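These are the structures, in structure tokens.
In the two complexes that follow, subunit A is the common piece, with subunit B as its partner first and subunit C second.
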Partner chain A sequence: MGETGAAKSAEIDYNEIPSNVRRRPYYIIAPGLLILIGILIPFVVAIFLSLTNYSFRLPTWRFIWFRNWTDAFKDPSFYHAVWVTLRYAFYATLTQLVLGVAVALLLRKDTFYSRVLKVLFTFPLMVAPAIAVLIWQLMTSNSVGVLEKLLNFFGVVNFPWASSHGTAMFTAVLIDTWVNTPFILLLVLAGIQSLPKSPFEAAQVDGASAWFIFRTLTFPMLKPFIYIGLLFRLMAALQEFGIIFALSKGGPGDTLMNISLTGYITSYQFGRVGKALPYLLVLWALCYVVAGVLVKRQRKLAKLAQGY
Partner chain B sequence: MHTQMEWKETSVRKSQALSAVASLARNLGLTLYALFALFPLVWMVICSLKTDAEMYNTVFRFTPTLSNYNAVLLGTDYFNAFFQNLIVAGGAVVLTIVAGVPAAYALARYDFKKKEDLAFQILSFKFAPEILVILPIFTIFQKIGLYDTYFGLIWVYQLITMPLVIWVVRGYFEEISVEIEQAAQLDGYKWFDVFFKILVPLIKPGLVASALLAFIFAWNSFTFPLVLSGFKIQTMTITSLRYIASDTVHYGQVAVAALVAVSPEILACLFIQKHLVRGLSFGAVKG
Partner chain C sequence: MKAGFKFCVVFLMALMVFAVIAGFGAAPVEAADFNWKKYEGTTVKVLFVQHSIVDAIVSKLADFEALTGIKVEYSITPEANYFDKVATSLSSRSGDPDLFMSGAYQLWDYSSAGFVENIDNFLGDSAKVVPDYDAADIVKSAVDALKWDGVPGHAVGKGPQLGLPLAFEIYSLAYNKRAFEKAGVAAPKTYDELLKVCDALKEWNGPGSYAIAIRGARDWGTIHPGYMSTYANFGAVDFKAENGKLVSQVNSPESVKMNEFWVELIKRGGSPSWSRYTWYEAGADLGAGKAAMLFDADNNGVQQNWPNASQEAGNIAWTVMPLAKAGDTPYSNYWTWAMAMNSASKNKDAAWYFLMYFTSKPFALYASVDKNSVDPARTSVWQSEGFAKKMAQQEGYIDTFNKTIDSTTILFTPQPYFFETTTEWAATLQDIVAGQYKSVKEGLDALKAKMDEALKDVDL
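Right after this comes the complex of A and B.
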């Protein structure tokens, strides 16, 4: 440990270090990596199984090559699932970003009220998706829900929430927003605290308007933080399963059947694993590409914000 | 001179009025969001203390009762699910610390080939769709007998806990200067003394925070136990589905179920406030 501690210096000739020392870091990582790689095997198995007619209902299976894939691309339910996935991810991520940034800016001023709120606001973030659904069902219940009573006051009776085609997406996004907005909020607040003082003082001396300062200074400097939030939230929203499953199992009808839900129902309700896997592999590819693009962009922005 | 003074005075008065309006608007906005964020939790507490009859005909005025707590905690196996969830999530975090902290150390201290690739590979587990991972694992686990076992779940939960702990703790290791280690080595400390007596105390806040956060994520996991546990092991999130699916009229008990599931997490969250941002962003943002 100690003698290689020095190996942190910039230029090292790997051949000069004795091989047992050179291999040491790999030994140390090995246990952690092995545990994770045990779980990586499923990826390979997933690709393999997507080329078979594997099913929980059939005793045997055989290769059918790309039939699952071509079937998926011919199936309207595939495009519906992709569309729902993209729409849900867009609405949920955008709402959380806007609300999170706005509330963070409101919390910027360091008062007792804002310090207490900052702690309290983190609570919903800790709530599991299934439990969040439970909580909101109690809020929106048509017989005992407090929101129903509030809406009655405004003349709206029996608002359908998750049970109607028109409002199901809204309800799911609402619950997601309730849970996850604090994540963006915390990131942006951390960003605000890290802002340098001098550019803002200079702008104020020059008599710049608040909007101008926000547009040209605050927002660009907060962008790297917002991007990290965007990355984490978008990834989660593209794959959202828990909230939608607990809320309506993808219903009513196929209103909320995103790729995750379709994959789950195809394989566990209908037993057809081979058929479900192309859907999920497409989702994985989508996430991989989006994450790659966002990570690259974020690094560029972080450098820009630091003035390089 | 005089006019300038006057002008200054009105502009000061104007800006004072403006800032009063701004602070009013700010507090109003904050209060509105606070209602949205916190009222559902307050409402749970209220509902949990109401009798079934009071649910229908009252909103805020009622005589509090603990009968719902009695019914859920003593009358059902919900408490059992609570403990099973504790074993699975706790076990997952322990395994992660044992295997993950050394890995974090190696990723922080050593320069070796493919280091960054390896670190990103570990992170990328977080972004893999859970349903995709779980399908093949389900078939494999059923074959090798890990389906519906504690060990099977604890192993799979590593996908949630390990990347988090490795990435966050790595950052804390990187902040300790190498000289401290070298000085200790010169003083004749063995490597495990250096590690346990010097490094571990230094990273302790970060380790505790990321371990608690990992615990929360594992506790909340929905997809994994939904697919990989059957009759033997029941976690809170899955057991709570029972309350969602049934057309129960015991709404107070639903509220208790939600509160029992949430309360350990809120406690943990209060405990790690200072490190929350850093943990949530996998070390990317140092709060």
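Right after this comes the complex of A and C.
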């Protein structure tokens, strides 16, 4: 009886808690909730409109349910856009990761030249992608471009750059690499500077080779940083729009028509918003899945690098 | 009797005096009395494309603002991205911009969506039009090009006035006289001659130089200049009405023949970067001595030929576009840069003042004679001594214009999916030139399917 009475007295009567205290958890989560709602509104609107024939050209719209989706999945240009998106993302991300890590390793020693080079390497990051494309369009111009003049020295005249089906992807990836490799470089450099010194000193005392140290210490410990770079760059490359649009509007033909560009042109140039949205929502789903896998893997690697 | 006669004379004189006074009272308001300050304090927002007429407009904005008290806010966008900006702005229905530049074809898209104000609402109201405006002086073909009744397949020239022309252009062949002298060739008059001249002009100015600059970028701009004119000269049409639908004719025998010629022209004489070429690159290559010919808008080459405007300034001349045989009628497509009004504008009357001022006779004369906007949309400017004197330095320009203008018209079938069909057209042309199809016919069959799909919901 005594125990029951004590238990009863220990119970908190919800109604006795002051209302401002009761509401406190809601106040705490309110900003996050508002942001979440803000993020979700356009997303929900996009899903809703993808089920309609909404167009800039029609004064009214009506539900057509899944017709836009079935049309997209029946359209060969959809699969072409997915294929271009994946290829572009693969080439751009791989090139930037390899170059970014390699240059970061070369610049890891703190010397006067490495300090100057680190500053110089960050310059492209300060240029908007569309401006970078304009710079590269001038550089690759067959009339006045410096790269054309440079290639002329080697006997190459009128290199087609973005004008040819065979070299358009290469040109777009080249510009993307110029703009974004410094991002990987800075990220990996920060990672290198945060590495503990003792394992490296111990390995050197034991006479380990530079390659052995890189393979067994540096690279495994840098993996979480490389994964963060991979995550950011892969997401951006999957969604790439600015560079390709400014470079060739997806041409020649449909060579560079990735999902973003197909969605944009269908929506804004052709006015068919409802038709474009399945493309863009598929891109969102693709990014969501890839990001989910990468984040999970990155967490695992970070734990491993910390010795868990 | 005498008194009666006197009374009649006095009465008649009084009647005459009254009639004269009454007549004066009914006379239209003098230009000097027109109230330009009626919308003082209003702000008008305008979207401009990068163009020589815009340079002239911008240089006169201060005068307009001083005359009307209307403030003008504007942005200038290169043509390559301009229409994306217009479509986005108009579809927001916010009323911003109040005015925007457009071509006739784009107005088919925009007016179908209800984005465009009918300018007849202002032009038809004499109280809103400055008395010396003289609308009849605006080049009729340019005015008609901007009228459309909104029915797909119906020709332009009837229906609401969707905009007023600032300038227009026709298509002809500009060529570098120095290049032709060097190669010992004459200006080509036929398709066969053009191909032969292309062979003769290969690398005429060193490595990397080529014969003919043509637009080839993946957008509508590739289709409407020399390509569409030649397409019509081969007897091809874009659409025909069949069973209540517009059906693409791009795979017709005439079209196949024309496209085979066009592909050969690009391969034998075009730039290796052809598929990236817009108005700007094509014109710049002629001026830089990279291309020996330019098959494009007549005024594109002019901008390279003003004294000191480019390396080849002074060397450029014009001739009628090549045809099947010399002496055939040169059918040219027609383009007009017009100013149109957003139907969602909240400042329509002030916007009309802007439109009226910058399509007026004095401004058109200023833009063409004092500035460098050619192909003016005012007949009085074409007839002016100042313009004739100015254009005399552009060899063959006026002569080519006179030989072409009477057979110049919009060669596209008006329909509300102009952007979509012509973008697909340009993309397919790029693929055909790059050999992505087994034959030209196969590429055009694929294009026809895409165009028909785009217009499947459009009923006539």
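Everything that follows uses one rule, which is that the second predicted complex is superposed on the first by the 269 of 308 C-alpha atoms of A that agree within 3 Å, B and C clash if a C-alpha of one lies under 4 Å from a C-alpha of the other, contacts with A are read in each partner's own complex, and residues count from 1 in each chain.
Criterion: a residue touches a chain if its C-beta (ideal position, glycine included) is under 8 Å from a C-beta of that chain, and two chains touch if they have at least 3 such contacts.
Computed from a predicted model, the values in this text were never measured in an experiment.
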Contacts of A:P220 with subunit B and subunit C, given as first, second, both or neither: neither
First (subunit B), second (subunit C), both or neither touched by A:I135: first
Partner chain(s) touched by A:M235 [first = subunit B, second = subunit C, both, neither]: first
Contacts of A:L106 with subunit B and subunit C, given as first, second, both or neither: first
Subunit A residues touched - subunit C or subunit B, whichever exceeds: B
Which of subunit B and subunit C A:C287 touches, first, second, both or neither: first
First (subunit B), second (subunit C), both or neither touched by A:Q269: second
Touched partner set for A:A46, first subunit B, second subunit C, both or neither: first
Partner chain in contact with A:T181 - subunit B first, subunit C second, else both or neither: first
Touching partner for A:L277 - first (subunit B), second (subunit C), both, neither: first
Contact residues common to both interfaces of subunit A (with subunit B and with subunit C): 137, 141, 143-144, 268
Complex interface listing, subunit A residues touching subunit B: 1-8, 12, 14, 22, 24-26, 28-29, 31-33, 35-36, 38-39, 41-43, 45-46, 49, 54, 99, 102-103, 106-107, 109, 113-114, 117, 119-131, 133-139, 141, 143-144, 146, 149, 178, 181-183, 186-187, 189-191, 193, 225, 228, 232, 235, 239, 241-242, 245-246, 259-260, 263-264, 267-268, 273, 276-277, 280-281, 283-284, 287-288, 291
Complex contact set, residues of subunit C against subunit A: 80, 83-84, 87-88, 90-91, 109, 112-114, 207-208, 217-219, 271-276, 281, 284-285, 288, 290, 416-417, 419-420, 423, 426-428, 430-431, 434, 436, 454
Residues of subunit B that touch subunit A when the two form their complex: 23, 26-27, 29-30, 33-34, 36-38, 40-41, 43-44, 47, 55-56, 59, 95, 98-100, 102-103, 105-107, 109-113, 115, 118, 122, 124-137, 139-140, 155-156, 158-159, 162-163, 166, 178, 181-182, 184-185, 191, 194-195, 216, 219-223, 226-227, 236-238, 240-241, 243-244, 251, 254-255, 257-258, 261-262, 265-266, 268-270, 273, 276-277, 280-281, 284-287
Residue numbers on subunit A that touch subunit C, as the complex places them: 55-59, 137, 141-144, 148, 152, 157-158, 160-165, 248-254, 265, 268-272
